[in-house]
């Protein structure tokens, strides 16, 4: 494997949300076209106060989804319109490169 | 006061003083699972030796009581407290359901005083988890004709939440296995119970103290509600228990259950079913006021009421 | 059925119904460590009072049996099941090794019936962890002449995996300390064992139910293999145990060990040594079929076989 | 420290992989020229099914490596050629800026 | 919500540090203008040796802060000048897009 | 040697052999909390039945001893070991404070030999946590006239660290509740203590072995210091204990405390208060040399010294 592989541009979508939304978010991102997702347990704080992850109601997750631009936009808009108003949710998106573009 | 309460106070004071003491979240989760399972198993073992017909009728009455409690709470919250429908429904759902740990402290209270109670009470704990939440959510969603609710999903969320699964699962295991087969795990599930409860209460103290800010925001009305509602519900529970033929101990526990507000099953279900409600309000009242009130003063009050009604 | 099995069923049903019940991964890890250590210590304490010469010969026979089991499994998988070499070797490695929890359920089964067994059996658990994995991996790599294997690394991976370290470490501690010095930790390591086993089985039920999809993909052959292989290996184990002079109880446990398939030591080692093998297949069979089969029906069958051979 | 510090361009390589690979990956990234690495326990799902982190065989990690372009490519290609075929592995790379370039 | 939302450019600052600094870092980022933060428990290794997170003194965290350029620079420089010399700390910054720019 | 020490050895050897055995960090945290709380409660229950005046005077002497220990360590480190002020102060702070687990091993050592000791010793554990750290930090910061130190914050960090909060909290709970009310949690907090200590020591073994590299870097002087300092401090502690009127057992435990070096409270506080110090040095000495030395040889030496002084 000596010829350098091509790097394909994709998006990495990061969603930080209340843990209560995990199940729904997994279903959402699959339905909206993502081929995979990664979830991390996190704690934090923001406009809606501190979330120290001490107990159930206080737990947060960070979901990461590598996908193409259209899917990222679709998911971000869905999260925005469905959850932003009532839940502690933060979304951002960044450019990444991947080796196997057919995977995402 | 039972020494288990001291652990709550220790956690509370430690966090107020801004100590770095912190129980790992996973320990809290593990203790929750253990306590729910243990309460269920204990109830199940006892259930094995009872007349089911009589219990079935009591069970129906208890479920009805659970469904009725939010109907007391909701109007108070909506019309006196002036909360919007969502928040009134959400808080009512918490108070309609029950706190397993408050129940456990009640059991410790009776044990210390040598008061007998119907040993199948854990069945009622399991039965009281859901109805209040369901009624509270219905009340909280009354105003929404436009948006549809996925009721099947909500029911699954509530009925298959870990609280009910572990309580009912434990009941079933205890009942199927019976006292003899449960004996080899008695040490683990029964004799260690109170120690585990101490650790759990330590964590509760830490949590309550770190939510003290929410409480301040919640205002006078909610603070009052957090004391008055358990008194109302506790008296109602004591009445139901007495009429239903429970002993003084059983009546005290039913009153304690009625007076307690959920902070395991209800927050999870309500967060999904009533997203517009501010979870800080329900938890400030349930955890910040009612839980400490019940474990320090409430239970002995309900005991007094039960004694009075049986006199 | 022993009540510990009910906990497995509770976990299984809860997950099938899509309950949100979940045991923290760390609790599972902690329970694994505890169970392995406790089994080891118990065996070590008992070992202290035995004639080592006789046990040494038995130990050699047991190791040989462990190495032989994959030689039964592999041809079945390769030539009847039509799996490729890697997958056949991987699955054979799982069945060549043992399941500590199945062993523990077997011990509970015997204890309930008051059947005696050789108290140094935990030594055999430790001895049976590795040989089957090693032989399975060798079989699975037969086709690869080109790529070299780092055997030293593989051996270290297997022999220094947590299962063997904790079992052998516990054995050594129990043996060095002896019954008197172990007495102050008897409560912790022995009396709480069965309760911890219940929680572990609850988690196993959850895991097995969430892998039910793998099982469907695995197909008819593997499902049949998951029942037939333990019957074959269990019978072989019962025969070896009887010839080796074990009691009925000891024979039952050796048969149970032979019949059991590993899901702690083997998956970790095989994943590194046979990366081409699909771990879903081994685990579907070992966890999804053989484990539930053994703890519900298998053990009593092996007991019957042991009784028959001793009659 | 009042003069603004220069931001140097580097790469952040993210490798999401089965936990079984952690030891090997740590050795790999060190050998291939990384000066450091960070590991996070994650769960997720993708082409090779759901990995819920409930137990050993189901655990995943996310490894993050800040390094220069050449090292990132080298590691990505190595991970790709060594593990992609047989393990649940996902790799992506993104541009980052760092304050102390000699560190990476 | 059918018209595509505008993506606003922001920075994502990542600070990997000894867990002992968590409290101070939270106070720092708030004071220096961040509206929120997310914290993850991590392990890792770098110039100052391996930090396996086995026990208290060995634990590390990764803090993520979405903020504008000026705040990111301010925080990075503060972390750099206050902690870099004596603590195991790594900082990097990347470009991200967010949907609600007033939030950050 | 007490069998608890074997668990340390098992962990140590397993890690040296590069086994993948690892205890979850959360288990370590949970065990720490449990051990601190249990030691506190035990001491508190005993305290209930004592003359406070006498204990108060002893307590003052013990605090003074804790504050004096860094004054022995610092000059050795600064002028013979040639460490800079920060590192000398940091290491002195660790040796001025105490190791709760070493104390627990000491208690197990005495229990095994049936040696009585003053049951309120846990009070001294709590009292000895802080003074040594504070004095060590002051010494370590002597050279810094320019940069100001937030002493109030440091004091809060130390006095409200989890060690002191749990020890003192436990003491208060045990004392307020008294023996009768504590009885229902005796099983959990007292009878399981030694088993939990075993698991903790297993983890300590793993940690110490994985820091063996730091030790090599630390050099000859620090290795020698790690053995000599506990001998010095232990002798001093034995002298103080004897003069103060403690029994042989109590004297042994006070010597053990003086000889032990902290690795829970001190590292956290020193990392913030003396950031320039290299934590690898303090921990290499405290954990890598002194802790194993104390639990294997030290304690029996201090016991011998105590017997000699009481003869």
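Lettered A, B, C, D, E and F in written order, each chain numbered from 1.
Heads up, the rule we're going with is that a contact is a pair of C-beta atoms (placed from the backbone, for glycine too) under 8 Å apart; a residue touches a chain by one contact, two chains touch by 3 or more.
Remember, it's a predicted structure, so these values are computed and weren't measured experimentally.
Common neighbours of chain A and chain E, listed by label, are D. Number of steps on the shortest path from chain C to chain F, with steps defined by chain touch: 1.
At the far end from chain D, in terms of centres built from Cα atoms, lies B. With centres defined as mean CA coordinates, chain F is found 35 Å away from chain E. For this pair, chain D with chain E, the centres built from the Cα atoms lie 18 Å apart. Separation between the centroids of chain B and chain D, computed from CA atoms only, is 45 Å. If each chain is reduced to the centroid of its CA atoms, chain B and chain E end up 39 Å from each other. Shared interface positions of chain E, i.e. residues touching 2 or more other chains, are given as 40, 94-95. Of all residues in chain F, those that touch two or more other chains are 20, 22-23, 26, 29, 187, 192, 268. Chain contacts here follow an irregular pattern that is not a line, a ring, a star or a complete set. Touching chain pairs in this entry, ordered by label, are A-B, A-D, A-E, B-C, B-F, C-D, C-F, D-E, E-F. Interface residues of chain A, counted against chain E in their complex, comprise 14, 16, 40-47, 60, 62, 73, 76-77, 80-81, 84, 90-95.
Of all the residues in chain B, the ones that touch chain A in their complex are 22-23, 25, 28-29, 203, 206-207, 210, 213-214, 263-264, 267-268, 271-272, 275-276, 279-280, 283. Those residues of chain C whose C-beta lies close enough to touch chain B in the complex are 2-3, 6-7, 10, 14, 17-24, 26-27, 108, 111-112, 187, 191-192, 194-196, 198-199, 202. The touching residues of chain E, when paired with chain A in their complex, are 1, 4-5, 7, 10, 12, 26, 35-40, 64, 66, 94-100, 103. Taken in their complex, chain A has these residues touching chain B: 18, 20, 24, 49, 52-59, 83, 85-87.
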